[in-house]
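What follows is a short report on a single structure.
Here the chain labels run A, B, C and D in written order, and each chain numbers its own residues starting at 1.
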């Protein structure tokens, strides 16, 4: 298990403070808004993740052994979900990533339903894409 | 909003149980809930002891075969087919269309054309696209304009001497606009163009009459028609059986074989390789029988009244409706809102509608939309379902805008 | 005859009801009766409210998708597949083999060879025969001798540099002789020959272990395995997915498409075009779960004890047994009696056995027999079933000879 | 409806006198035995009826407007069934054949189960073959 960063702790307490779906939704929208966009020039087939109903773009680098990931999509709540995913895995090492229990992370945030095996929201496809890219 | 109560709702245990868990089912175009009559038939078939069909001559085998063939007869009757030999049991619409794209392969020469509408479901596009790629055919598309409209009245203008097949749906799962295809199908027949009708959505809201439509082939799925999933119908016009070459091969679908050669049986058995979904066919027939027992006009009036309420509510809220829907379902977007976001927040509130491209990606490319939210209706819906939907919609829009 | 009582018999309502109408079910190799656990799962799925899978993100959709994918996982676990992505839900064994005969078509050049045993069911013969005809391949047959024996130990002698695929069943539905295929499959792998195992009968009597077998592909049917009809499994070895090209096309099996092109998804979804048989997959998984809960050794011992009684009774009566059966079923003839006559009079007495060629016409041509009567056993049979059979057999022979 | 011939009346009373499946079976065997065989030379592909599990051969002629049908098979009970079928339709005209309710005939004989839609015994295929040949 890789440990939670201070930012992740912060996110966790923010989400755990939400006691309704509405608050969670508003918080997700806020997270999504704060996430940097991937420009139209960078939105190329190579950077497109297959298997999401709403297209998701991904730029992935390893700097000094740690992951630098950019994710973007046009759907705002999905973008929020991508943002909270990044909170958990941004800047860690590829080795640590293999240890992260993403399900557990989303469950703790009260967002476990978003990780269903259904292909529709694509969050699973994003996680799988990142893992495959690093494998 | 006037209160509309479905007199058939209480016959659907799934609707009751979904309601009990706070879910409002408005995704019937994806799959429909099942009436008690279907469940009873399914359970009864399995409980009384099963047997394979068309194989052994023992009594359970005879009984199962009889029930299976009666199911075929009922399906033929329901479609108004002239003969139950015209009915092939499939896994569903998709398998029916894939079957045709192989069974009819011998009818094409390189350069021949296949004509489809621009709003077809992937199931009625991709099998033809693949056939075209395998045999160097041209896939022609009846264009949908930016409003989602297609000029069915002028569709025959796209016929030419190379056109060999027309595949089209009378009711799109996205646009919800009912097209009367008879004149077009008649023009196709006059020019010896093979016609395939994708009735997956249409069959749910209008009882098909394949003789009146006068198409060559017609396909539909049981699961959208209140029946079990995993079974569907393919109707083949009696005079077109000779066009079809066998596709899947196996057990009893042949007349004779050696290690090196085989002759297939005629329709329908020659196209039903392997042990079929016997229970499903029988339970589907029970569903059709139940449907036949309903007052068709009352069902249609109820669905139409719900549709009007749905359309009105969406219009009042200035939603952007896709196309010119008039039947059973409406796809729409809220201005400046991504459909995935809207679908997400509706689902948070227990409203089961579908957001996305609805297996019609090329149509959405054509419309320049990332997708849409679709509300689809069935005979068991009440206006209370619509009220719950509108309430949730207002709430979602409050959050998103 | 020692009295053998199946401790599982009372869990099968179909067996009870058949018994109540004077029918003795000894045709389980054709299709098996269903345990209550299967019926409960089926009913529960439909009653709680259905949804399509892998499409919408509403809660009923998530729940159905989860249940469907859990069914896949359970099937993977049951087959000991390394990964549930290796499991494709099919309509049954026949569809699985037809799928492979198309999906693997790109692996052959004209003149390549496909090797089959001489006792294969039509389902594991005709799809390959048709592939061979389409692509000018050679279909080679491992010969069955006049006694119905095949020298599995020397089967690899039939491999040569053109052999590309071996398709074989460990347990024939006619001969009832269990073959250990592992050595042969290992030799095939060493020579890069693709291996396809038809497990339709085998899977019923031995829980398959696809990793131990180390085959490339394995197929079986739910309905013979006490599960619902209309569903089956195709296992594809994780390293062989790349060999497969998509076969049927439709709704959600693609990643992206335009009017003129499409990219399919990877396994398994890319091979499950159209709405699948969701209820059936879930009820099949419940059946497998129930099977896993049984004492495997006890089941096998019970079946083997019944088998011994069956063989003994037939031998005592000087029946002509086809081949060297050792597992689950025996095909036989009475001297000078046509199998159809014997089957007819057994069925008059409520004994459900099958007479005929059992979808293995070429085998019967090879054996020089017009057919045979087959008695097949399952875990719910008692020795009272065999006693009823023998009594009816004696009576039938009295009339016929 | 075409009327029953004296021979058919006779057959009917014989079968209606059977009160057990055994007696019916023995009677069918007797009928089968009395049916003339089709020689091996005449058992050709052209004369083979498709769709029966046990091969059935058929020679069909129209003499002076009436049907002359020969049927044969190796299975003795099926041969008996073919014989009682012929009792009903031998020697009638093709037009009369169209009127004959074969289901009713077998039902009266207590043999209705043999006409099931299952392909296994082939009696249906035989009837269909004859009708198609004459159509």
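Rule of thumb we're sticking to: contacts are C-beta pairs under 8 Å (C-beta built on N, C-alpha and C of every residue); 3 or more make two chains touch, one makes a residue touch a chain.
Since we're looking at a predicted model, the values are computed, not measured.
Subunit A and subunit D, compared by their mean Cα positions, are separated by 75 Å. The mean-CA centres of subunit B and subunit C are about 31 angstrom from one another, to the nearest whole unit. Spacing of subunit B relative to subunit D, judged by their CA centroids, is 44 angstrom. Centroids built from CA atoms put subunit B at 37 Å from subunit A. Annotation for subunit B: residues touching 2 or more other chains are 55-57, 59, 61, 252, 256, 344, 355-356. Multi-chain contact residues, meaning those touching two or more other chains, occur in subunit D at positions 120-121.
In terms of inter-chain touching, the protein chains here follow a pattern that is not a line, ring, star or complete graph.
Annotation, chain-chain contacts: A-B, A-C, B-C, B-D, C-D (touch as defined at the top). Note for the complex: subunit A touches subunit B at residues 21-22, 25-26, 29, 53-54, 74-78, 120-121. Looking at the complex, you find that subunit B touches subunit C at residues 13-15, 17-18, 23, 25, 27, 30-34, 38-39, 42-43, 46-52, 55-61, 91-95, 97-98, 116, 118, 121-123, 125-127, 129-130, 139, 141, 221, 223, 228-231, 247-252, 254, 256-262, 273-280, 343-344, 346-347, 350-356, 359, 361-362, 365. Within the complex formed with subunit A, the residues of subunit C that make contact are 53-57, 59, 61-62, 65-66, 69, 252, 255-256, 265, 269.
The residues of subunit B lying in touch with subunit A in their complex are 338, 340-341, 344-345, 348-349, 355-357, 370-371, 395, 399-400. Subunit A makes touch with subunit C in their complex at residues 50-51, 113, 116-121.
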